[in-house]
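To keep things simple, chains are lettered A, B, C and D as they appear, and every chain counts its residues starting from 1.
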Amino acid sequence: MSGNDDRVGVWLFGARGSVATTTIAGAAALRHGGYGAASAGLVTELPDFAAGGLVPIDRLVFGGHDVVETPLVKRLERLVAGGVLPHGIETLVAADLAAVEADLVTVREDERGPAGGGAADSTADVEVVRRWADDIRSFADRHRLRTVVAVNVASTEAPYPLDDRHRDLGLLRSALDRGERFLPASSLAALAAFEAGAAFVDFTPSTSIRPRAVRHWAVEAGLPFGGQDAKTGETLVKSVLAPMFSARALKVHAWSGTNLLGGGDGATLADPRHAESKNTSKERGLAELLGEVDGEVHIDYVEELGDWKTAWDHVVFSGFLGTRMTMQFTWQGCDSALAAPLVLDLARLSAAASERGHVGAMPFLGFFFKDPVGSTEHALLRQYDDLARWVRGC
Amino acid sequence: MSGNDDRVGVWLFGARGSVATTTIAGAAALRHGGYGAASAGLVTELPDFAAGGLVPIDRLVFGGHDVVETPLVKRLERLVAGGVLPHGIETLVAADLAAVEADLVTVREDERGPAGGGAADSTADVEVVRRWADDIRSFADRHRLRTVVAVNVASTEAPYPLDDRHRDLGLLRSALDRGERFLPASSLAALAAFEAGAAFVDFTPSTSIRPRAVRHWAVEAGLPFGGQDAKTGETLVKSVLAPMFSARALKVHAWSGTNLLGGGDGATLADPRHAESKNTSKERGLAELLGEVDGEVHIDYVEELGDWKTAWDHVVFSGFLGTRMTMQFTWQGCDSALAAPLVLDLARLSAAASERGHVGAMPFLGFFFKDPVGSTEHALLRQYDDLARWVRGC
Amino acid sequence: MSGNDDRVGVWLFGARGSVATTTIAGAAALRHGGYGAASAGLVTELPDFAAGGLVPIDRLVFGGHDVVETPLVKRLERLVAGGVLPHGIETLVAADLAAVEADLVTVREDERGPAGGGAADSTADVEVVRRWADDIRSFADRHRLRTVVAVNVASTEAPYPLDDRHRDLGLLRSALDRGERFLPASSLAALAAFEAGAAFVDFTPSTSIRPRAVRHWAVEAGLPFGGQDAKTGETLVKSVLAPMFSARALKVHAWSGTNLLGGGDGATLADPRHAESKNTSKERGLAELLGEVDGEVHIDYVEELGDWKTAWDHVVFSGFLGTRMTMQFTWQGCDSALAAPLVLDLARLSAAASERGHVGAMPFLGFFFKDPVGSTEHALLRQYDDLARWVRGC
Amino acid sequence: MSGNDDRVGVWLFGARGSVATTTIAGAAALRHGGYGAASAGLVTELPDFAAGGLVPIDRLVFGGHDVVETPLVKRLERLVAGGVLPHGIETLVAADLAAVEADLVTVREDERGPAGGGAADSTADVEVVRRWADDIRSFADRHRLRTVVAVNVASTEAPYPLDDRHRDLGLLRSALDRGERFLPASSLAALAAFEAGAAFVDFTPSTSIRPRAVRHWAVEAGLPFGGQDAKTGETLVKSVLAPMFSARALKVHAWSGTNLLGGGDGATLADPRHAESKNTSKERGLAELLGEVDGEVHIDYVEELGDWKTAWDHVVFSGFLGTRMTMQFTWQGCDSALAAPLVLDLARLSAAASERGHVGAMPFLGFFFKDPVGSTEHALLRQYDDLARWVRGC
């Protein structure tokens, strides 16, 4: 896919959610120059990435899918009221949001939504992939985009049972051809992206690109994919503290955590089945960094916290000759305000990878993820250095 | 200096303090195999350092200076009662401690102690250097040591006024020759080490090797030096959190800290003049990592905490478009139990540097220090990689 | 029950557990005067209670039941190693513990233990009550005790299904007569105490005196009972913070808590069925103090913490015109060291109540409990004032 | 002073500060019914006070003095931007604030401001008292108020040296008559209030009513006075936690605290001389509740925190036989939003006291203060009960 324009499309699955809205509104605000120095949180604006020739933020065009129809501007008002974005931004970006509305497609009732399919859906998977791919292609054509990258920012799905159709590309294709319905919405989204010639990045821990057959599809299509499950809070901190304990040879005995969060994300994760996806990817990193460690991780829904998240972690470790010590931290962050700039970073980086012909997993994006595709490195600073090295190599 | 033995001497200035006693007793306990897997906290025992050919722990021999005369075994009992070291170790290492006693020299009344000179001292600096160097040489000869490294673990001195005699090696030598008294105890200790052919590492933020002329002395003598101010708690954590904020482009607005500590160290730092040395080196790293950041650091003496230290840090940072967020951490550690293995690490590493002919500052030891000599890198993980690379290169 | 001696018996169900062992060893240590001013935590030693004529600590005699046979002295060694009790106490109280051993009865295999009966038990409830009551009576006779109080400090039972036999004293008696097995161990313990003429206090949230018929039995026997579920940590703090928010008209929106604990208690509570009893009584107080409040309470087993408990609580509240604010606290306590003096307090107070002819629930003991029998007051300071008033009235 | 109106005047010294503005705007918002259930934080709206016949909030009329001239509406905008008050309130209360502007008097250059006099002032104290009293009387007449109470919410003054003129009412009067200048602004404010027939309450720890002669003046005038230093955060929490430790006989060894605050209050308290007043009154309560306790209290100015305050406290205590334990809490509150409703409470309660002829200190207001005038009770819940009892007695 390539247009004669210099603009890059960002296709968001879950385009009316908090993260997507913050991303779209924030990019617009930056374009208007309203928050000059305040581009805080954009990794790709750091000096280390200056020479990478990444697409400028103001050359990004947004479109996407969602199951709900709440106008972006309504969503933005709620985010501003909740302290996620500054007052005044509504006026600044109103026209931009209205423009993006034209590129948002509501998922049809007979399809399963990217947020986890409904019981009522009856359309064959092959048909859903076809329709969604058409939506992305139309978006690309309409704006004459040189590249499109798709990012999944929909709510976390429950774990999905996998069988041979998910492991073998031939079986997957024939099951599609037979009109079977065997894929979760996130995997349909990934396939649709690949069909439309777009890179795909999963910001969530949903199934999407986990099945081997889905990854093979991307490779056959000559496209890159990346993910999963962006680290924006507790896990981000863990990914620097755990290497600290390792580097100092301090044995970690137990690491316990409690996450309090409100908002739509909190409500979804309050459902134990959805939380399971989350916890699995949260714990993977710690185990790789420290080996087996005692302790549980809780995710509690606290409605009053809105888009804010409070995480408390408690670590028991020992020093010389086994003397027990403890460390605690409390992180009070706004998930959407932490996530949105990363979505922009990922879009820019994936577009660069795609344009430079990178095919398959993008391990150099591990810096962003709890469960990095194609990499077992979980130490944040080493991941940063890997990313910077890759960008310099572009 | 070189004996026909395979043993390495560790000469401790402040040899009867908590850190020194924990180091000596801990090394003895490891020698007895009493705490097998519990060698927690020994960085140089990590796989990354296995190929470095470092001197084994059981080949280290301890000696040192102190102004007080409390027997090591008494000190050890207090440390065990305070939970720094495990019950039972007293019996295990009693004989070892008794043996080390023979190698501990009490600083004479007419000298200034390594812990900050007394008013009564009247001996010329040149004479103090000569005596202390003799003590180290006798120690080396007595045990036929192949190498000796000196480590300053005495209490932190107050900042010391410097003049041209501290900057110019010629002026320093002539002032010494004239019998002047113009050097703090920590610098006398460094010069004594160099005179005796020993490497010198400062575990504290005292003056010691800060004066340029002292460093030139080491270079002339063909010896390495390192330091300063080991990071064992709050600063250790800062050195991974600050790079995390930087790597994620999260702007840090304020970083405040309160350190509560008891023990002798706490009492010394309760004196604002001594705390000044500490705070200066504590803040250096943060500024290098994050630029100018608001916030104060307090060091409070809380007698009841004994050898334990509690640090609380509070960070105000902002994400996308300036949204304010906070992070707090509480570190509850036992300083001596964190410091002692680092003293062993530094002794092994400095001995290796010395034997391989390294001269001058040892920037690869930055991993251990708040204010690393010869380096401006403060990110812990990068410091670790530098150290591991140096050891592999040996 | 009354002897010609001035001593009071304390019969502990769960007599070889951490709380019981700490209680017995601590009382012995106080008797030896080894910890003079260190009687910290004994409420009944405060000046407000001086005039109450309570039995002196050194006039308490201990006996009890347990399912395990670990000698007290072994248990004590573990508690000392875990930092619950000071080193040196083992020697001081060795003889006392040996003496108490003679008054500890191991629950027979065919009975159900106070810690929650086994599947294999086959003895009729009536027979268990008879045996256990005999044990208490023998203890009283052997020592010519003027009074005995029984305290349940066994592990928390899972919730127990109740039917009409638990509600109606007549039905309960006839079910016993028919040889039925329908009572949990804790209720058998309560009935055995009443049969032996002893007051009964439940330190745990187990079923024991919850059934109405059990309470009627006590009233018929003219004996007092009290409980349940001692507040020693998180709930203790809640019982002063919640009234603070109320008194200041600050609306509490959410109160979340995570409790990390090791030891036997932690392992039991890691079983969700047992935790259910605990959580129910934990939440009762908060609801009574603040009305319906959002938020969950977790109890996690972290083996490494041993007898220590760390609780983290997070409160979201609002001030004027709805401005959201937060408060967090971390409590790091040693449960057994907090609980043991309360067992002594409860023994002294219940003995006084019993001797003064108090019959039925003891609401003035609410100060000690999460779920106070006969009282809906949960504000700690008001509970304290009620207790002090009752003692003065004695 | 008494009008034929049913309204009560509230004269604020420091009328354009954060607390005053929040008070005035909040009262107006409540009057408009805009925040129905959101009257959180108004103690006098609790059921316990319903029968007290206190003046309704919508019958309060505001006026006051200040040294600065920033319009209330500007100040309000800053408070709304800082998250102290909800967006939308500016429009709701614009007219009310404009009306209050007419009753705000700017302190003349030749007077000393309530915020701590300037060097340039040259007017005799007697003249300042006369002018300020006239301002209050005009306010009362203009609105035909039945009662006026004055509340000092100006910035905390530095401690002020006192001599015999402050201790003896006769000497004070003659010094005034001689045209001497020997009183700090806060004491001039108190005398002016008494001259105008108004009760005086000090929300701050400034000198105001501390001098005995000032109190005698109030008594001669037949007026009540109260204060000092409202407890809105850290000290509020201390005043329930300290009694908890006492009631449980848990020995507190050390209590350390760090307060981070921005805003004007933070800047003032960053000046050690001003902080001294604050710390003195902060520590008084703890000492009365717990006896001598180790530990320091820090107040740090962190500009980024704006009107928000973060306090971290660390308590070392011991349980049975001396086992050491710790508790920490972090309070993140908005001082103005916590203080404003208390100003309304104090105005209503003082007006009631004044109208019922109460003369001199008002010890029943101790509930609100760190350093309560006329009372040594510091336990919050007992203070609450005292207050409720007094109101019921009205």
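Descriptive notes on the structure:
Keep this in mind: contacts are C-beta pairs under 8 Å (C-beta built on N, C-alpha and C of every residue); 3 or more make two chains touch, one makes a residue touch a chain.
None of these values were measured; they are calculated from a predicted model.
Comparing the residue numbers each copy contributes, chain C and chain D share more than half of them at their mutual interface.
Chain pair with the larger contact count among A-D and A-B is A-B, by C-beta pairs in contact. Centroids of chain A and chain D (each the mean of its C-alpha atoms) stand 50 Å apart.
Per-chain Cα centroids separate chain A from chain B by 45 Å. Residue positions of chain C touching 2 or more other chains, listed in rising order: 83, 326, 328, 330, 332. Across the interface of their complex, chain B is touched by residues 81, 83, 87, 330 of chain C. Those residues of chain B lying in contact with chain A across their complex are 22, 26, 29, 35, 38-43, 45-46, 83-86, 89, 236-237, 239-241, 243-244, 247-251, 318-323, 325-334, 337-338, 340-341, 367, 379-382, 384-385.
Against chain B, in their complex, chain D makes its touches with residues 253-254, 256, 258, 260, 294-296, 298, 300, 302-305, 310, 312, 314, 316, 324, 326, 328, 330, 332.
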